[in-house]
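Each of the next two complexes has subunit A plus one more chain, namely subunit B in the first and subunit C in the second.
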Partner chain A sequence: MAEQFVAKASEFQNGDRQIIRVGEDEIGIFKHEGKYYAYSNFCLHQGGPACEGLTIAGVKEKLRDDKTSVGLYFDENSMHFVCPWHGYEYDMFSGEQVADRRLKLKKYNVVQKGDEVYVVA
Partner chain B sequence: MDLIADRGRRVTVEELNTSRLLAHADKQSRDRKFDEVLIVDCDAHHYENEHFGDILPYMENEVFKQLALASRAKGGRGSVAPSGFGYQDMGGRVTRYPLRSSEKTDQSGAKRDVQLGMRWMDAMSVDYSCLFPTGMLNIGLHPQKEMEFELCWAYARWVTEKVLPESGGRFYTMLCLPFGDPEGSLRMVEHFGDRPGVGGFMVTSVRDNLQVHDNRHMKTYAAIQERGKVLAFHSGPHWGSSTFQSCNRFISAHALGFSWYNILHCTNWVVNGMGERFPKMPVLWIEAGLAWIPFLMQRLDHEYMLRPSECPILKKKPSDYMRDMFYSSQPMEIQDMEALETTFRMIKADTQLLYASDYPHWDFDLPSTISDLPFVSEKAVHNILGGTAHKLFKLPPRNEKQKANLIKHGNYVEC
Partner chain C sequence: MSSPKTQTSKSATARPALKKPAAAKSARKAEAAVEPTRAEKAAFLKAMVQGIKPGSKAAEKSAARKGPEAAKSAKAAKAPKAETPAAAPKVEVLRRISGAASIPVTPESERALALAKELEATLADGKLDALQPHAMQALMAALCKIYSAQDEADMRYPVLSGRGAVTGTDVMIVCGALLRAVDLQVFELGMWQSWSGR
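Our next item is the complex of A and B:
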């Protein structure tokens, strides 16, 4: 395992992502609300570029106590990233596929040294 | 370009480039040496609504042509073709939908749809694709049979005269027929049936009132069979129909709609003995996945054993007729591998299943969805990916290794 340079921290804005190649692998690194998250860029479904699509909050449905539905809403405490091929949706914080959390993208550690961001791969 | 994500959060994305979007598909193709396998995609799409300006002038009837052209004039409120409700792009999550117009093509080169097609076909190592329209799949919902015919006719002329010839033979098609106008359908088969690139004809299955067994359609089927062409049923969703208006989510209308229309028309096809009437005409069921087939086989066989008097033409069980027919693979429900293996056995997938991508639609399948199945033999992989379609549509191999593999697996025919 070696540290692979990703980007200058000062140039890596919240909401951005970087894709780096490490040999045959590709890793997607996101910066979300000041924290870094890094996952394999190969979707668990058909191998699409899992980290290269939309980032969007998770959708939830609110129920009243009597089980009637209030409706759908975006859960601002969550953040997902979506494979652009078919819409496979992953939890930004864990890399879990949100429809079946047993499925997880390979996660990588990210370290910041001074103004430089590295992923350990 | 910015894509709007949730409330004010924006994601900057570069313009769409299909080759770059499908770079991982290209890697799969190289890793699996797909260039040595003839791969035929029996169901892919373009967006013909973006070309109505070129298509509509091919309409024959001047009155209907004027109506259609005027409805598209700036400020006009008309609608040329029926459209459906839905969110195919998943609220922008499948980015090639909102970004499609941003993709650059060579203005001096082949038609834009041909250039785009070559990009994804090359990435997937697809040698040939059967090109279908998208919006026109709803043509069966048009209230005017005259306009249904005119639009089908105009599209057929445009695609066979302007699009297919620019694809270097790599696109073929099965032309949509105006089934609301049986005489018009027959005329189309007679007029277009022998044109290069026409592998068959298509019933756009989203039709609530279609009776495939209606006597008025027999001449059309006979004409298709006589020419050695394929009759395909291409399914679709119809959220606006009374059947699906109780569905409050697109996922429900989509999952059920595709299956429903194939189930409906296949049932009528089988119980009315169409397999006995036109035994030499290959019939292909497209874009409803595979899970509906074992259900229908069991359901019809069960009822047939009790009520054979209602199906006196049949000489074998409904499922036997269904095993004589062909099925496109996409969207293949790879969820329960044992159930899928059983499905492959029940439909005789080795000889009856044809690979389909459905690209660029949101639930497309790559060729690896077939080649990576753990229970499928090497021969079956070759058959499903292209060998069976090679025989059905007479599509020649594009290199010597493909030819050798076709011969090795008993699929090769002179084209």
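Our next item is the complex of A and C:
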């Protein structure tokens, strides 16, 4: 495992992503609210490009005490990314597949040194 | 007929009093050198089935039998490989995906967002009277005017972001109320839409 240069931090804006190939691995690096997250780009379903689809906040439903629905809303405290092939949805903070949290994308550490961002792979 | 070797061994066991331990010992040694042990036999059979693993003792032995050159190369195979620093894998950028274009923030937008958040929270808490009718009317009037002014000025965008989970029923209730407030019929709305192409 070695640190692989990804990008200049000053050029990596919030909401940006980068897909890199390191040896035989493809890795997706996200920047979300100032933090970096990196996962294997091979979807656990059928190997699709897991990190290249839509990013979207988790959808939750607000219920009153008597369990009547106030409606659905986007939970801005969560963030998901969706595999563009068949819609497997992954938690950006953990890499877990949100419908079955036992399934987890391989996670890589990201380190920032000054203005440079590295992924450990 | 018995071989002289057997005789020697026999005499060694039958007559220990003869005290020829050195001879007996060497005879046993010679016998052992000819006859492989059980473990050696098992290893031989294993090697027959699996083949000789490169770098193993068996490989060294068989190479020694073949000559000094083969022995050298067998030893080299056994020696742990010197740690060569792994070449750093090449990083190749496959794709750069930009996030949403950043939206300029105005103080009015900031306050409107804060108010929208606050109103959503009061609704979620079931406090329906938090926004009194006169406040609702003022807010609705301002929103109608500013949205249509932007539309006329070609600043066109969807009126709902799709993030607020507004239902179709919510929209029909509000649209119906707005049409009633300005005394318009749905028919008139339809006519205007077909004429104006909006």
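Methods note: the second predicted complex is superposed on the first by the 121 of 121 C-alpha atoms of A that agree within 3 Å, B and C clash if a C-alpha of one lies under 4 Å from a C-alpha of the other, contacts with A are read in each partner's own complex, and residues count from 1 in each chain.
Throughout what follows, contacts are C-beta pairs under 8 Å (C-beta built on N, C-alpha and C of every residue); 3 or more make two chains touch, one makes a residue touch a chain.
Keep in mind that what you see is a predicted model, and the values were worked out from it rather than measured.
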Partner chain(s) touched by A:47 [first = subunit B, second = subunit C, both, neither]: first
Subunit B versus subunit C as contact partner of A:15, first or second or both or neither: both
Subunit C versus subunit B, contacts on subunit A by residue: C
Touched partner set for A:74, first subunit B, second subunit C, both or neither: both
Subunit B versus subunit C as contact partner of A:87, first or second or both or neither: first
Touching partner for A:64 - first (subunit B), second (subunit C), both, neither: second
Contact residues of subunit A, present in both the subunit B and the subunit C interface: 15, 55, 57, 74
Residue ranges of subunit A in contact with subunit C within the complex: 2, 4-6, 13-23, 26, 31, 52, 55, 57, 62, 64, 70-74, 121
Subunit B-touching residues of subunit A, taken from the complex the two chains share: 15, 42, 46-49, 53-57, 74, 82, 84-87, 89
List of subunit C residues in touch with subunit A within their complex: 88-100, 102, 120, 123-124, 126, 163-165, 167
Touching residues (chain side subunit B, partner subunit A) in the complex: 3, 5-7, 9-11, 21, 23-25, 27-28, 90-96, 362-366, 368-369
